[in-house]
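Heads up, the next two complexes both have chain A, just with different partners, chain B and then chain C.
Moving on to the complex of A and B:
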């Protein structure tokens, strides 16, 4: 049972971090399928908690070869762009969304669509909460479609990435979700 | 946004006071761009220099009130030389 987002935001950053529900690789290997019928509107997905550090940012810059100085050069960020610190990459936030949705729907579901906006600067020292909430359910082409509200909040409650997503879960007595995924037509 | 620097005189300051005062205001964040960048302390003479990036000087003044280190003077910073690099703000 995940801690409700509202309750999580009442905790100190260190305590929010202790509620990280991001599964380990072993947990993912043993993950049991969630079925459409298991999900109720209003349910919250397990929260993924992140604590980005300058080391994480530098590693991401190197990994994706984005060498804009605002992400790793503190002097430049402060004095040239007048930022409060080095900035967490939007592309990193973007990378969290499909992982978050894929993990929840695995092994047999499918993260179909997601959209979100980058709204706030994130900096080392922020504790970040990747969250999702079920807003609507429907069945199409024998697949369970789950509409989600998603976002990434800072420990002090700023929504940095409001968005929506559609994921597909199998019906308990339905066929497997096709792979590669074929969107429903009806 | 603007950079501000304040000079404080806080006699009989010790390391525990320095840490404790700063810890008590660590949640101060009037907005996501405002931040205390550095605090320099010479505890032997009670001199402290603080540096803040803020939208308005009044935000910095609020922090100074909260931390309880009266400022002898507050200055808006125009130029910085940092590790050999000169930055015009």
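Moving on to the complex of A and C:
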């Protein structure tokens, strides 16, 4: 049972970090399917907690060949762009989203789509909480569609990435979700 | 008398909606070393990304890759081209390292005198996990340009660039939309 977001935000950053629910490789191997019928509106997804350091940011810049200096050149960030520090990449946050949705819907569901805004500057030292909450569910084309509110909050409650997502879960007595994914038509 | 604010959504700007770039083949292909670096950097240890035996038994029957990993291949600069970073800094010693770097498949600029660029948000649609060995083809398009008025009463633009990523079989892998504010 995941710690409710509201409760998590009452904790000190180090205590938030201890509630990290990002799955390990072994947990992903053993991941049991969540079915549409298992989910109720208002349910919260497991919280993914991150503590980005400058080295994490550098690793991401190098991995995707993003040369933007605001992510690794502190002098440039402070003095040229007047940022509070080097900044966590929007592209990294964007890439956490499909992971978060994939993990929850695995092994047989599908992380269909998401949309989100970038609102706050995140910096090393922030403890970040990737969160999601079920807001609506419906069945179309024998697939369970789950509408989610998602976001990435800082430990002090600032929402840096408000958004929504639609994921697909199989029905208990339904067919497998098609792959490659075919969106529902009815 | 009320002063009329000039619209930023001019006919020339509107004409950019729907404008597409060329279909571009990303340099290289989807490979296991890029996959390793990417998944470690995003901190996703899913064994379907690296354990062939486990992956074979999964729904997908093979190693898969994170769905939007290929979107960053679009910014790869082919090695037979001029060193884009050196060029950027020769032209502008205070280059931010990204704005002056020319990337493959870029769209023509939107004709506006609004120069400040802010990230407004992203959309992702995911259809298929890319496979190791895939070649990636992408095409950019201005899918939407809207005007809004800021608190200061000045108009600004929200420009959405849609990019469709396909593999060598012309199968859509994912579609991304990146919206930027131009003030």
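Everything below uses one rule, namely that the second predicted complex is superposed on the first by the 186 of 186 C-alpha atoms of A that agree within 3 Å, B and C clash if a C-alpha of one lies under 4 Å from a C-alpha of the other, contacts with A are read in each partner's own complex, and residues count from 1 in each chain.
Simple rule for what comes next: a residue touches a chain if its C-beta (ideal position, glycine included) is under 8 Å from a C-beta of that chain, and two chains touch if they have at least 3 such contacts.
All of these numbers come straight from a predicted model, not from anything done at the bench.
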Partner chain(s) touched by A:80 [first = chain B, second = chain C, both, neither]: both
Which of chain B and chain C A:118 touches, first, second, both or neither: second
Partner chain in contact with A:134 - chain B first, chain C second, else both or neither: neither
Which of chain B and chain C A:181 touches, first, second, both or neither: second
Partner chain in contact with A:171 - chain B first, chain C second, else both or neither: neither
Which of chain B and chain C A:158 touches, first, second, both or neither: first
Chain B versus chain C as contact partner of A:43, first or second or both or neither: neither
Partner with the higher number of touched chain A residues, chain C or chain B: C
Which superposed partner A:99 touches (first chain B, second chain C, both, neither): second
Chain A positions touched by chain B in one structure and by chain C in the second: 80
Sites on chain A touched by chain B in the complex: 75, 78-80, 82-85, 120-121, 156, 158
Residues of chain C defined as touching chain A within the complex: 37-38, 40-48, 51, 54, 58-60, 66-69, 72, 75-76, 85, 94, 96-98, 101, 119-128, 171, 177
Chain C-touching residues of chain A, taken from the complex the two chains share: 22-25, 28-29, 50, 56, 59-60, 62-70, 73, 76, 80-81, 90-92, 94-99, 102-103, 106-108, 110-118, 163, 176, 179-181
Residues of chain B touching chain A in the complex: 1, 29, 32-35, 37, 53, 80, 82-83, 85, 87, 89
